[in-house]
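In the two complexes that follow, chain A is the common piece, with chain B as its partner first and chain C second.
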Partner chain A sequence: MKKSFYHYITIGIVVLYLLIPLLGTFLYSFATSWHKTILPEGLTFKWYIELFGDIRFLESLGRSLILSLGATILTLIIMVPAIFSIILYAPKLEKIVQSLVVMTYAMPGIILAVGLIRAYSTSGVSMVLITIGAYFVGILPYMYQGTRNSLRNINAETLMEAAEILGASRYTAFIKVIVPNIMSGILVSSLLSFSILFGEFVLINLLVGGHFETVQIYLYQKLSQSGHIASAIVVCYFILISILSAVMIKMTRQKKETI
Partner chain B sequence: MKRMNGMLLISIIPFIIFVLLFLFVPLFFMLYSSFQENGGTGFTFSQYMEVFRNTYYHQAFKNSMLISFFSSLIAITLAVFAAYSITLFSKKVQDRILVFANLTANFAGIPLAFAFIVILGNSGLFTLLFKHFGWDLLNSFNLYSWSGLVLIYVYFQLPLAVMLIYPVYQGIQAQWKEAAALLGASPSQFWLKIGVPIIMPSIAGTFSILFANAMGAYASAFALTGSAYNLVTIRIGAITTGDIFARPELGSAIATLLGLTMVLALLINEWLTRRIRRDLS
Partner chain C sequence: MSFLTIEKIKKSFNNETVLHHLNLSIKEGEFVTLLGPSGCGKSTLLRTIAGLIHPDEGTIHIDGKNVTEVKPKDRQVGMVFQSYALFPNMTVQENIEFGLKMKKLDKESIKQNVARVIELVELTGKERSYPRELSGGQQQRVALARSLVTQPKVLLLDEPLSALDAQIRKNLQKQLRSIQQELNMTTILVTHDQEEAMAVSDYIYIMNKGHIAQSGSPHEIYTRPASEFVARFIGNYNVLSRKEISNLFNDDNGYTRDIYAIRPEAFSEAPVKDGYEITGKIQKMTMLGNITRYELEVNNVCFIADHLHKIEEDSQKRETITLYLNRKDVISLT
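Coming up: the complex of A and B.
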C-alpha cells in the first residue's frame, strides 16, 4: 500500500514538536555566546568542563543517584516478595493492590507532599527519609505491574511446586528459583522507576528544599544564573535517560527472544 | 497450609506498613487538617468556605482546568491522526517512533521548561531568528504567558497521548475495512460509521487520563515563573510552604478539592473503558 504524503506530515509534526526543544538545548549547550546572531558565534566544550568541575554539581549528582537508587532498591526489596506472596497465596488481596495503584494516580506529587508535610514535618524524622517513603508510593504502580507480569511469564506457581517437591523450602525456592527467573523483568521496571525518580522535583523541593540539593534542584537554581550550564545539565540528563531506555528496550527484547 | 501463611505474613507486613505510612497517613492528615482552623486547631469548614468564596482560587481552578482541557485536546487531536499514520509504516519504523515517544515522555518538569526557554524565551533561538527576519509573529507571543505554558503542557501530553492511542488502532482489524469496502463503503464512510464509533470511548478515556495528568502538573509552570501562574498546584505549593506566611490548612483544603477532581476524571475514564469492552464483546 502506498502511503500518502499526508501520513508523513502528521508524524512529522509530532516528531518535530518533540525534537526541536531538544535540539535547541543541545546546540545551546555547545555555544560560546548566542545573544544576537541566528547561529551561535562559536562552539565550545567549556560549559561541560565548567559543569563537571563544579563540586556542587557533582555532589548534587551523587545525592540524586543515592536517593533514586536507594528508593528503587528499597521498593524492590519490599514489593517483590509482597506481590509474589499475594499473587500466589492470597490472590484476593490483589484487588486491593490494584486499587492502591489507582489511588496513587489520583494523588500526584503536589497532593502527596501536602499530606506528608502535615503528617511528618514536626515529627523530627529526617524529611529525606520521608521523601524516600513517598518515592515508594510514587513508583508502586510500575513495580507492581513489572513484578506481576514477570511472575505470570514464568509460571511462578508451577516453578514453586516443582522446587518444593524437590525438597526446597518456600524461602529457598523463592530466592533461588523465582528471583533469578524474574530478574530481567524486574530490572526493566526498576530502571523505569529510577529514571522517573531521577527527574523528580516536586516532592524533594517541597519536602526538603535547598537543604538536600539534587540535580533537579541544582538545575532550578542554575536556570536564572547561566543558561549555557543549565542546558549542559539538561543534555546530560537526557543522555542518561536515553541510555536507561536503551538498556530497558534491549532487555525486553532479549526476554521476548528467550521465551 | 500453615507454613505458607508465614511467608505471606513476613513479606506482606513491611509492604502494608509502607503503604500506611506514606499513602494513608498523609491522606488522612491532609483531610483532617483541611477541616482545621489556621494554626491547626478546632474543627471548621472555613477553609473550604474560603476556597469557594475567594475568586482568586476560583480563577486558579478555572485556569488549571482550561489549560488541562486545551493541552489535552491539542495533544489528543495530534495523536489521533499521527498514531493512525504510524500504524501504516513498517514494524521497525513503528517501534522507533514509539521508543522516541517513550523517551520524550520522560522529558518533563524543570528540564522541559528550560528547553522551551532556550528556544522561545526572551533571547531564545526562534525569538532571535524571527527577529532577524523581521517577522513580528513572536511579538504577540510570550513564553511566560498562558500560550507559552500551553505549548509546554502539549509537549509532555503528546508522547503520552501517542502511546495510549496507538494500541487502539490495533483493535480495528483490516478485515473490517475490507468488508466495508466490499459492501460499497468509501474510506470516509468506513471511518464515520465504523472506525470512529469504535475508537471514540478509548479516545475519551485517554482524554481523561491526560486531563488528570495536566491537572496535577506543577514543576514546569513553577520553573517558568515561580509562583506567578495562578494554577491550583502552584497555589497549593505556595500556600503550604509559603515564604511569607504558610497556611497549610488552606493548602490541604485546596489539595483535597484537586484530589476530588482527579478522582472524578479517573472514574470517567474507568466508565468509558468499561463501555468499550462491553461493546466489543
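Coming up: the complex of A and C.
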C-alpha cells in the first residue's frame, strides 16, 4: 500500500511538472490579460483570430510544411531503396551507414550550420535547398532504424528470392512485395522525421533566417511582440504534433497485430 | 536421358569449400532427394540450381540448355522455402497469381490456372485468406501451389515440411508425391530426415561435407550402404569392426574388411539355411510402436535387433534369445 502511495505521489509530481507549463501556455493563449491574478482575468478567442488572420503566419506554416514534407519525401524516395539495397546486397556497407547515423548525433546544430554556411554560401545554391539537404542527413537515423527493423520483421531476403524465382525483376519485387510490407513501419519513421523537422529551429534560423520564414522563426519573432499570440502558436503546434503522435501510435499497434 | 545435369559444381564461402565438384544427373519427371546432415551443403546446392548462388566452377544444364549464367527469374524453376516465404500483403489467390502475372498471362488463363492448382493442393475456399490466417500446413500448400502454377521445369523444395508436426508431415509427404506424379514434375527435395527421403523419392543423393557420399534408389541405399557414414546416417544399422564381427559369429573366416554393417531387422527368430546362429543376452528391450527393439550382448559385443511386435511377447521373462542371420546380410563397408 505504502509503496503504491509513493508511486502515485512521484508520478503525480512529474505529471504536474510537465503539464503546468503547457496548461499555462494554453490558458495564456485564451486570456484577455493575465498579470496580477492567479487565473486569467477573462477568456477570448482574439489571439487565435489575430493569428489566423495574419497572412505571414499562414505563409510560414506553408513554408514549414513544404520544407519538412519535402525533406521527408525526398528521404523516402532515396533513402529507403538505398538502405534496402545495402542491407540485402551489400551488408558490408552497413557499417558506414551506422557511423553516419552516429555522426548526425555527434554534430551539434550550430557547428553544422556554420560549416554549411562556409561551404555553400558563396556557391550560389539556394540555402533553402542546402537546408533540405541537411535535413535529409539529419533524419537518416530514424529512417535507417525504421527501414531496417521493418525489413527484418518480414524476412525481406527470402521474400525477394521467392519473388525473383517466380519471375519478378528485383525492381518489381521491391515495389510489389517489399514496399507494401514495410509501408506501415516506414510511415511511422516518416511521421517521426516530419515532426522533428517541423520543430527544427537552429539550422533554418542560421542558414536562411528571415528570407524563408518558417513557423519556428515566426514564433521566435512573435515572442518579443505578444506572449498571447506566441502561446497560441505553441498550442497549435502542440495539437498538430499530438495528432501526428496519435496516428503513429495507432499505426504501430496495427503493425504489431498483423505480425 | 538426363533432364537436369550438374557438372563439377564447386562453391566456397570465405575460403571454405562447401560444394566439392559435385556431379548430379536427374531424369525428367524424377523425384530426387538430397539427404544429409545439417551443414553438408544441401541448401547451397539447391540454391545454386535455382540461380540464387553463383557457383565458382561448374555448369548446370536444364532441359539441354546451359543455365549457369541465367538469372533466377528466367530459369523456369520453382522453389518452396522452409519458411514458406509467402507474401504477407497478398491473399492466397494473389500469392498464387504472382508468378503468372510476372509472365504477363491474360486474365482468363490466370484465373483458370490458379483455380486448377488450388484444387490440386486442396485449398478451395481459402482463396481470400491472408497467409497469417492459415495453419502451417495450409501455408506450405499455398507455397507449393504458387510454385506449381508457373509450370516450372524443375521444382526445388528446401525442407518444406520440417516445420510441421509429424502427422501433417506424413500427409503432406503423400500429397506431395502424388501431385508430383500427376504432373510428372521433375523435383528435388532437400531433407535431413531419412525416412522422408525413403518414403517419397525415386532416387536419393546422400551428401556429406560437400561430397556425394552415395547415390541410388531408396532400396539400394537402404540395403547396400557403401560407407560407414551412410550406414550410420540412414538408419539404425549395427556398425561393427572386424574384431567385433568375428567375436559375434565365433568365426574369423572371410572377414577381411575393417568395418561391417548389419541391419537390425535382418536378425530373425526362425532358423535360416546356412546362416549364423547367435544366442545373446538381452540387455534391454524397447517398444517402438509396431516393432520391438532388443539390445543384445554376445561375447562382449553389443548390437541391436528389431522384430515386428507380437502380442504374445514374453521376453520380459527371458534372459537370452537365439537369433539367426543370413550371411549376405553382413555388409562390408569402406
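Basically, the second predicted complex is superposed on the first by the 256 of 259 C-alpha atoms of A that agree within 3 Å, B and C clash if a C-alpha of one lies under 4 Å from a C-alpha of the other, contacts with A are read in each partner's own complex, and residues count from 1 in each chain.
Just so it is clear, contacts are C-beta pairs under 8 Å (C-beta built on N, C-alpha and C of every residue); 3 or more make two chains touch, one makes a residue touch a chain.
Note that the structure is a prediction, hence the values are computed from the model and not measured.
Taken together through their common chain A, the two structures put chain B and chain C side by side without a clash. Of the two partner chains, chain B is the only one that A:Leu206 touches; chain C does not reach it.
Once the two complexes are laid on top of each other via chain A, the angle at chain A between chain B and chain C, using C-alpha centres, comes to 100°, given in steps of 10. Of the two partners chain B and chain C, it is B that touches the larger number of chain A residues. Of the two partner chains placed by superposition, only chain C is touched by A:Asn155; chain B is not. After overlaying the two complexes on the shared chain, residue contacts for A:Leu27 are found with chain B alone; chain C is out of touch.
Contacts of A:Ile13 after superposition: chain B is touched, whereas chain C is not reached.
Applying the stated contact rule after C-alpha superposition, one finds that A:Lys92 touches neither chain B nor chain C.
Of the two partner chains placed by the overlay, only chain C lies in contact with A:Leu166; chain B stays clear of it.
Between chain B and chain C, the minimal CA-CA distance in the chain A superposition rounds to 7 Å.
Under the contact criterion defined above, no residue of chain A touches both chain B in one complex and chain C in the other. Touching chain C in their complex are the following residues of chain A: 154-155, 158-159, 161-169, 172, 176-177, 180-181, 258. The part of chain A that touches chain B in the complex is made up of residues 1, 3, 6-8, 10-11, 13-15, 17-18, 20-22, 24-25, 27-28, 34-38, 78-79, 81-82, 84-86, 89-90, 93, 100, 102-120, 130, 133-134, 136-137, 140, 170-171, 174, 195-196, 199-202, 206, 209, 216, 219-220, 223, 227, 230-231, 233-234, 237-238, 241-242, 245, 249. Residue ranges of chain B in contact with chain A, taken from their complex: 3-8, 10-12, 14-15, 18-19, 21-23, 25-30, 32-33, 78-79, 81-82, 84-86, 88-89, 97, 99-104, 106-112, 114-119, 123-126, 128-129, 132, 154-155, 158-159, 162, 212, 215-219, 223, 233, 236-237, 240-241, 248, 251-252, 255, 258-259, 262-263, 266.
Within the complex formed with chain A, the residues of chain C that make contact are 50-52, 71-75, 77-79, 81, 83, 85, 87-89, 98-99, 102-103, 132, 146-147, 150.
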